[in-house]
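The two complexes that follow have chain A in common; it is paired with chain B in the first and with chain C in the second.
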Partner chain A sequence: MKRLVLGGNDAVAYAVKQSHVDVVSAYPITPQTSIIEKIASFIASGDMKARFIKVESEHSAMAAAMGASAAGGRVFTATSSQGLLYMHEVLHWAAGASLPIVMANANRAVAPPWSIWAEQTDSLSQRDTGWIQFYASNSQEAYDILFLSFRLAERVKNPVMVCMDGFLVTHTKEPVVIFGDEIEEFISVKETTPLLEVDRPKAIGALAFPQDYMPVKIEQHKRISSALAEFKTLSDQFEKISSRRYDPVYVYGEENADIVIVAMGSNAETAHLAVDLLNRDGIKSKLVKIVMFRPFPKDELIKAFEGAEKIAVFDRNISMGKGGITKDEIVGALGINNVVGIVCGLGGADVTENDMVKVAKDILEGKIQEDMILWGGR
Partner chain B sequence: MKEIGLHGRGGQGVVMAGELLANIYFKEGYEVQFMPSYGAERRGSPSNAYVRIDNKRILYRYSIKAPDEIIVLNVTLLPNLLLKEGGVALLNSSDSSNLKKSDKIKFFVVDANRIALECKLGTPAIPLVNTALLGAYCKISGDFSLDTLKKIYEEKMGKKAYLNIEAAEKAYESVREV
Partner chain C sequence: MIIPKEEIMKSNHLACPGCGAALAMRLALKALGKKTIVVIPACCWTIINGTWGNNFAGVPVFHTAFATTAAVAAGIRATLEMQGKDDITVMGWAGDGGTFDIGLQALSGAAERNDDIIYVCYDNEAYMNTGIQRSSATPIGAETTTTPSPIVKDRPKKDLMEIVAAHDVPYIASATVAYPTDLIKKFQKAKSKKGFKLIHILSPCPPGHKFPENKTVEISKLAVETGVFLLYEIEDGKYRINKKPKFKDLDEYLDIQGRFRNTPKEQREALKEAIKKRWEYLLVKAEHFG
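On to the complex of A and B.
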């Protein structure tokens, strides 16, 4: 193992290189492009043995990934924002066909106005496509979760999306532990079975009348839901190799907190600092980070919120006419009423630890009682 | 924690300088975070990069507005730059006579344009001054050794490293406080 200074995009490219991927099909888009550029250079130099399929759009990138995956290959692609949205229809197809494709998404705000900066509305608006979704908050997580994602996708036969906030994770370079051969025993296990076989012809996605459609969808829901338990099993194996632990929900700070800060992606890094400041001021606080968003980690969140007086959910995303998306998911799944949603950081706007501390204190003092939009002008 | 801003114009190697600086500090045993600021990338437009340095893992995930120290590759940008009180500014300049001095800021100058051209880095229109300025920064910060800088240049630049090392050494020798 060695430590290198890498951005999230670099880290993802290294993980793909080490994951015995057979096919990469992708179309460039900022701030994802440096992932596939690096992969293309690994393939060109012979450091990575995979087929790179250049396509004319994201819709085709996912269609090509489906074909390669259906033939039994380990497949990777990457996109962002407008590209992900252009892929939308095929995302449903890939998940419905139980294809274990792994995709990195650089979270970028959706136009208009045109923006290339961080926001999670792009991938959260793909919430219902049947993809497993992870949110990495730093380069190390992006690297590690990629390995776990290939194994998980193949174990549960479901595609996985690994999301990183644009620039704040994708391009922010920091020390990352890169595996040598240690990862081989974990990542060389392929549980892929070709959906399409020459000797056993069949069709995928045929017409299903109502009596057939429901059972297929029930099966699909069970399949993706099983990812929570399977992730833990794989995470146990991964921890033995790396000494790093990944759970659907990550917790930092004090038990029975006066205030819980919930964050996903890059905000969760800064939130550590907010929790430290609050605890220093004698306010018991805790960070709850959502690492796995789909399937939704309801039981893990119930446990993480035990004894919490107030919960502040910071969302770098928005459902227009409703508010923060993870806040809504939490309230919907847990049926709790001590939650305040804070929409913040849209289009790459800064969210600082001092912003979080102020909101937390204002909630505890009763100054903030309703969901809000945090906008300090930078 | 220390925050360093690198400011220049597209084509001068600002982003490269930031990445090199982060790697130099990392090799010296620090925790580092390199945060380039992306916008409309093109030659001649302002380009900024930032490096955070600490002894523990760096968790800040937002932009730096007023760094502790700035390395300015193009002094025409100076009126638009912010710096913390008591900060340090390293300027690529041959002439400090027009500089508005302040008790609250320590200014250093080095003629990185001349050094870059002497070392055949870049063109007279756009000299590549990034690697020279890091040599000057090595001297004034005292945070890392010139030896570490050379190792990183060799790792990252291969065959071209020696010209950049030469530029860094010249800047190390000639940087002065004003």
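On to the complex of A and C.
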């Protein structure tokens, strides 16, 4: 093992290099581009042996990834924002066809107006495409979750999206522990199965009448739902190698908290500081970070919220006409009514620990009772 | 030449009687053999190949989204290369809507990269699977449900062969089911060449073009003889005309098809002009780059 100072994008590229990927198909988009540039340089130097299809669009990036995966390859791609939205149709197709593709997404706001900065509305609006979704909060998590994603995707036969807030995670340079050979026994296990074999000619995705379509979709729902348990198994193995533990939900702070801060991605890093400040001020608080958003970790969240007085969900995303998306998911899944949703940080707007502390205090003092948009002006 | 006897495609497929695209696939697979993987986007062949659990092509088929044929095929090839499987042919098989229109970008991408695939467009000159709407492959004067008389199509069909030729790929050919040995030879040649190959097949459609289902081969032949559909190849940039048109009376081709029943006289003339112009262009190219 060695330590390198890397942004999330570089960390992802290193993980891809070490993951015995057969095919990469990708199209450039800020702030993802440095992932595929790094991969191209690894291939050019001979450090990575993969076919890199330089496609003409994101729609084709995912389409080529599907073909490569259906033929039995381990496949990676990366995108962001508009590119992810352009893939939308093919995202459904990849998941429906049970193809274990792994994709990194740099979370970036959706235009108009043009923005290249962090926001999670892009990937959260792909919520229903059938992809497993992880949200990394820092470079190390991005690196580690990539390895877990390849194994998980192939284990449950379902594609995985690893999301990182644009610039805040993709480009913030931090020390990252990079594996040497010790990751080999974990990542060299490939559970890819070719769907297209000339000796056993099958048609994949043929027209299904209702009596055939329903069972296929029930099976797909079971497949992605099984990812929660399978992730735990793989995480156990990964922990033995890395001494780092990943769970669908990460918890930090006091039990029976007066206030729980829920965050995902880079907001969770900020929330760590907020929780420390609140606890210092004598307010029992806790961070609940959603690491795996799909399948939705309902049971893990119920456990994490035990004894919580109030819950503040910080969403760097918005469903127009409704509000924060993870807040809505939590309330919908758990049926609880002590939750306040705070939409914040759209288009890369800063969200500081002091903002979170103030919101937490205002909620406890009854000053904030309804969902709100946190925006102090320019 | 003897047409291979082995039938890879099964006979109980779901094509309409007299479907040119079903006959084309049957011949194509005879030429390519069993070690072929086919990618099919939204098109008539989505249905022809059979519903869930069926696979009448008899080779592996990946049904895919409308615009993705060439990209999916490129992806399959990439993995096969990594696996060292170089004896498998990857073929995209799309209609004219999936080729001339919605799939053109992915097609251009694969052609520019020179991905090692055979891309086939079976061209029935409209969106037939959705019930006969005009595409950019619909000829001047043709009536469709979105170009009903008197607003029949007034623009010439795109020149797919020349669009792909502009990408400098190793092999491009046109074919029809009226000349089966010519068609089979072209698929065999495409299989033998590395890189991007395009085969453009005219695919008469009895319900869409409105003619009796026993006339498919006859209409395919008339298309060549009247000069409506030119049989030629572009191999490594060299043009070769496979069959010089006899320039039979165009009306003979038009009058046999109901889709031209309401074509006004000036449109017929425009179609004749377009045919003449394309032939003259091709002649020049064949002379200079033959």
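Heads up, the rule we're going with is that the second predicted complex is superposed on the first by the 377 of 378 C-alpha atoms of A that agree within 3 Å, B and C clash if a C-alpha of one lies under 4 Å from a C-alpha of the other, contacts with A are read in each partner's own complex, and residues count from 1 in each chain.
Following the convention adopted for this analysis, a contact is a pair of C-beta atoms (placed from the backbone, for glycine too) under 8 Å apart; a residue touches a chain by one contact, two chains touch by 3 or more.
Source: prediction; values computed, not measured.
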Combined model on chain A: chain C and chain B, fit or clash: fit
Where the C-alpha centre of chain A sits as vertex, the angle toward chain B and chain C in the overlay (nearest 10 degrees): 110
Contacts of A:Val351 with chain B and chain C, given as first, second, both or neither: first
Contacts of A:Lys2 with chain B and chain C, given as first, second, both or neither: neither
Chain C versus chain B, contacts on chain A by residue: C
First, second, both or neither for A:Leu196, with chain B first and chain C second: second
Touched partner set for A:Gly205, first chain B, second chain C, both or neither: second
First (chain B), second (chain C), both or neither touched by A:Leu273: first
Closest approach of chain C to chain B (Cα atoms, Å): 29
Partner chain A, residues of chain C touching it in the complex: 34-37, 39, 46-47, 49-55, 57-65, 67-68, 70-83, 88, 105-106, 108-109, 112-113, 115
Chain A partner contacts - residues on chain B that touch it in the complex: 19, 22-23, 26, 31-36, 38, 58-63, 65
Chain B contact footprint on chain A (complex, rising order): 3, 5, 7, 30-31, 116, 137, 165, 167-169, 171-175, 266-267, 269-270, 272-273, 350-353, 378
Touch list for chain A against partner chain C, complex: 22-23, 25, 50-51, 53-57, 59-61, 63-73, 75, 89-90, 93, 195-198, 200-209, 212-213, 216
